[in-house]
Amino acid sequence: MSSYTTNEMMSVAAARRLPDGAVCFVGIGLPSTAANLARLTHAPEAVLIYESGPIGAKPTVLPLSIGDGELAETADTVVPTSEIFRYWLQGGRIDVGFLGAAQIDRHANLNTTVIGPYDAPKTRLPGAGGAPEIAGSAKEVLIVMRQGKRAFVNQLDFVTSVGHMDGGDARARAGLPGKGPVAVITDLCIMEPDPVSRELTVVSIHPGVTREQIVEATGWPIRFAAQVGETVPPTTTELDALRALEERTAQAHGKTKGGE
Amino acid sequence: MSSYTTNEMMSVAAARRLPDGAVCFVGIGLPSTAANLARLTHAPEAVLIYESGPIGAKPTVLPLSIGDGELAETADTVVPTSEIFRYWLQGGRIDVGFLGAAQIDRHANLNTTVIGPYDAPKTRLPGAGGAPEIAGSAKEVLIVMRQGKRAFVNQLDFVTSVGHMDGGDARARAGLPGKGPVAVITDLCIMEPDPVSRELTVVSIHPGVTREQIVEATGWPIRFAAQVGETVPPTTTELDALRALEERTAQAHGKTKGGE
Amino acid sequence: MAELCSLREAVSQLIHDGDTVAMEGFTHLIPHAAGHEVIRQGKRDLSLVRMTPDLVYDQLIGSGAAKSLRFSWGGNPGVGSLHRLRDAVEKGWPHKLDIREHSHADMANAYVAGASGLPFAVLRGYTGSDLPKHNDHIRFIQCPYTGETLATTPAVRPDVTVIHAQQADRQGNVLLWGILGVQKEAALAAKRLIVTVEEIVDKLEAAPNACILPKWVISAVCHVPGGAFPSYAQGYNERDNRFYLAWDAISRDREAFTAWIQRHVRDTADFAEFRRVYAESSQLAEAA
Amino acid sequence: MAELCSLREAVSQLIHDGDTVAMEGFTHLIPHAAGHEVIRQGKRDLSLVRMTPDLVYDQLIGSGAAKSLRFSWGGNPGVGSLHRLRDAVEKGWPHKLDIREHSHADMANAYVAGASGLPFAVLRGYTGSDLPKHNDHIRFIQCPYTGETLATTPAVRPDVTVIHAQQADRQGNVLLWGILGVQKEAALAAKRLIVTVEEIVDKLEAAPNACILPKWVISAVCHVPGGAFPSYAQGYNERDNRFYLAWDAISRDREAFTAWIQRHVRDTADFAEFRRVYAESSQLAEAA
């Protein structure tokens, strides 16, 4: 029996990837949890930017929406949303874009638009939001999402935001300014793009998870790195910070957690 | 003997053309004097916008520069200069652009760039500033300048900002959004563009000025309207307001008046 | 020039069937009261625009007021899907909804272009995305200096923009603060502008460089305290997160939705009555 | 990340011969102290950019620091001509100055494009003007939707931008207010950013939505009280209009100008010493 949940492992592992002092464009939901956990643990100087306008937000509870008052009140300043996308993201000021998605493929391309055909959708998802340009312009991208066959698919129904396109140097050839996804953190493992093919490759497996579980939860024949490590389990400090954050959040918002 | 100067007549006549409630983009110098005189007399609801950023400036003394603190302190708000040109001028929010110039031609095109050839100038003037786009985008344009042969020329050395281009419907054909210059107010008279040819035509002569003086002070064969009126001399109210304004300004700034 | 009037008058006189309408608000200051009044007055065939259509657009769409939607993210923030939007897109209920889908960066730039009197905006966007394949309004041009390929999008120029703000003075000048979203741009891009406000004050105590909309860009100012509910107005009230959760259940079912709109919007005289009726029904629901 | 250091260090380490440099300020908050330090350190071949080159650029040009100038209005505000700029353009003294002339609307958009990471800006401008005939950087494109012709201009992307602001906190976050000009855009368009400030405070007491430049976009913050003199810093000091008038006489004559620069700038250690020397010489001038 582990003393933490797989979701907790995921949030902690994702948080660890945010360097202290990094300027981070934060998506709502799991990315926001991870980015704030990082800020409350090893990365107190991380600068969190939300697309609604807050720059340098330091929320004490997780925002339920991308425009919670808490974000504005704790920020260094709040600028118009148009400025966020123009001067700060497109202007090349973002070190890390922190994203989630409904679907991902082996090259870390993302779908948040539609399941099924676009014109006759099986499920209509919320849509692009800020993701296409975060994926393009942030210096690098971190992705956090739960792993499963419906999410980690062989073929995306729709490419909303690019990862490494069809792999190799496709991204650079397309003239995209940022490096693209550098890691995908799930509830089972951590993947990184292969340095040459840019195909996602498992580099670290969370404690207690088997290779078979990862294979089973992936819609393509997932590759494992030559050296696969075991993810360091959450430390007490990390776990305490995460649980305190989620408890404060639950008290502030009622039963719900920060969502999409 | 008149009890007012020709410059005072000019400022008063120019001020009268600004309708109450009009949103006015104000050039520094003579236009600023006229616009503020209007605001202090018949047009208390005129909204003065300066290119440095103040919207709704209500200075008690004339600004010496386009960015005097007085403008910011008395404004409804102050926005970035980039916003002034983008959202307010180009966005079509300006009723009246109030301009001066070094040279003007018969179609009210303006030169503020250079006397002589551009690459070997006889006199280098300050340049375009906001004028080309004010002349293009303001719903209408008022021009105020002292009349003389070196200023009212047959051929501009350089077209900085358009009036009615080469006349007729040239402006509309060029796709310019605004109506262009609707009046030129000088120290001698008031001119308006002919409704068809758009050539400047004297419509009102200031008291005590002769047609010969106007002809002599114009570098092209100036036309007079079929009905030429006499400009109403400055009223006591107008003159008192103008003199009080200039006295307050002189006290605040020393000997100098608001310049270019 | 801003006229202080009731929201009923403003919507009646300024929003016409077939108009392009933007009701903006980025989680903060969402003009819910105005959205309800549009439903109450039975406006039809609206071309809706909004970066983040949320509950109020779900209500407009479910009520049959919308012909089309230009947007970049349509969800119930913090909860999940917009069921009325999905039902319209997936099943064409209550009728077909034409959607034109962009990204946030695109929409933000499109509002900036609208406010700037330009017909289009240029952005670094969409490379590798499928969105341009399904939206022929997203196009590409070459930079005349570097030859780089950049995306373009048509400016948003609404017939009417509606926003909610914290304060207006008695002349109709409006002040807003906190999360500003794209409201200023949406306001200045529009032909007509309706602003609902929390409070009318004698004088706006605005900081230098505050976000002010002068009275002469506003068509109507309407005093509607709490008019952003269940969204919030910083300094005045808080977001009602329970409403967003409750909406998920209400909006999942066509009949439940229709009954809710009838009782809470169509059968109420104004937003104040809606708030009373909603308070009663939600107390009953909690007691049950 | 902002380093708090002396202006001498900042100019020495961050401005190199041959750099493209923008020192912005729209009458308000003009970074005169930084301009003097550039002259004092004998920087050469600078490509200067500024909407409204005024006295400080006149001094830089007359001192031979500038190779070229991109601008939209070059004058002594409220007084008349910039004689050093004119002498450089008309007579090539102290050497030829390449000028690239735009309009204010163009330059403002060019800074916005620079801050936005775009290679060019689009504007409704220049129709019928002779400026594009003498500046091949001004070009025209067709709107991909309406076919309208619109002007374009290359983005401004300075190697270094220098601005003066009211306050910084001890971490190096900067706050400015009042007339903002294009300073924020110029700051964010630059590769390196130097900010001189009136005051260093423990905590910025900024209004919501105030104009703040966070420390991580700034290369160096230098405490230079009165560093905008003879321009002004709202809330701290007033514009010295007499200096602008006096400059007209000083700058008309090459020898008078050169002697003035030698005595007031090259022979002084820093801006504080310049202020003392200038106060003495202007008292003598008034007494004479």
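When the chains are written out, they are named A, B, C and D in that same order, and each has its own residue count from 1.
FYI, a residue touches a chain if its C-beta (ideal position, glycine included) is under 8 Å from a C-beta of that chain, and two chains touch if they have at least 3 such contacts.
Predicted model, so just to flag it, every value in this text is computed and none were measured.
J.: When A-C is set beside B-C, which has more C-beta pairs in contact?
T.: When the contacts at A-C and B-C are counted, A-C has more.
J.: Let me spell it out: compute each chain's centre from its C-alpha atoms, then which one is farthest from chain A's centre?
T.: So the farthest one, by centre of C-alpha atoms, is B.
J.: Distance from the CA centroid of chain A to that of chain B, rounded to the nearest Å?
T.: The computed centroid separation for chain A versus chain B comes out at 57 Å.
J.: Could you tell me the distance, in whole angstrom, between the mean C-alpha positions of chain A and chain C?
T.: That gives a centre separation of 28 Å.
J.: If you average the Cα atoms of chain A and of chain D to get two centres, how far apart are those centres in Å?
T.: 41
J.: If you look at chain C, which of its residues touch at least two other chains?
T.: Correct list: 112, 117-118, 123-124, 148, 178, 180, 184-185, 208-211, 234.
J.: Which chain A residues touch at least two other chains?
T.: 72, 78-79, 86, 90, 137, 177
J.: Quick one: do these chains touch in a line, a ring, a star, all-to-all (complete), or other?
T.: other
J.: By the document's touch rule, what are all the touching chain pairs in this structure?
T.: A-C, A-D, B-C, B-D, C-D
J.: Write out the stretch or stretches of chain B touching chain C in their complex.
T.: 21, 23, 47, 55-56, 72, 76-79, 86-87, 90-93, 137, 177
J.: Given the complex with chain B, which residues does chain C contribute to the contact?
T.: Touching chain B from chain C are residues 1, 112, 115-118, 173, 184-185, 188, 206, 208-212, 214, 216-217.
J.: In the complex, go through chain C and note every residue touching chain D.
T.: Within the complex, chain C contacts chain D at residues 117-120, 122-124, 137, 139, 141, 143-146, 148, 150, 152, 154, 177-178, 180, 207-211, 234.
J.: Show me the residue ranges of chain B that touch chain D in the complex, using the header's touch definition.
T.: 28, 51-54, 64-69, 71-73, 78-82, 84-86, 89-90, 109, 113, 118-119, 121, 123-124, 126-133, 136-137, 158-162, 165, 171, 174-177, 253-254, 256, 258-260
J.: For the complex, give me every residue of chain D touching chain B.
T.: Per the touch definition, chain D meets chain B at residues 26-28, 51-52, 71-75, 77-82, 85-86, 89-90, 101-105, 108-109, 111-112, 123-131, 134, 148-149, 178-182, 184-185, 232, 234, 238-239, 241-242, 244-245.
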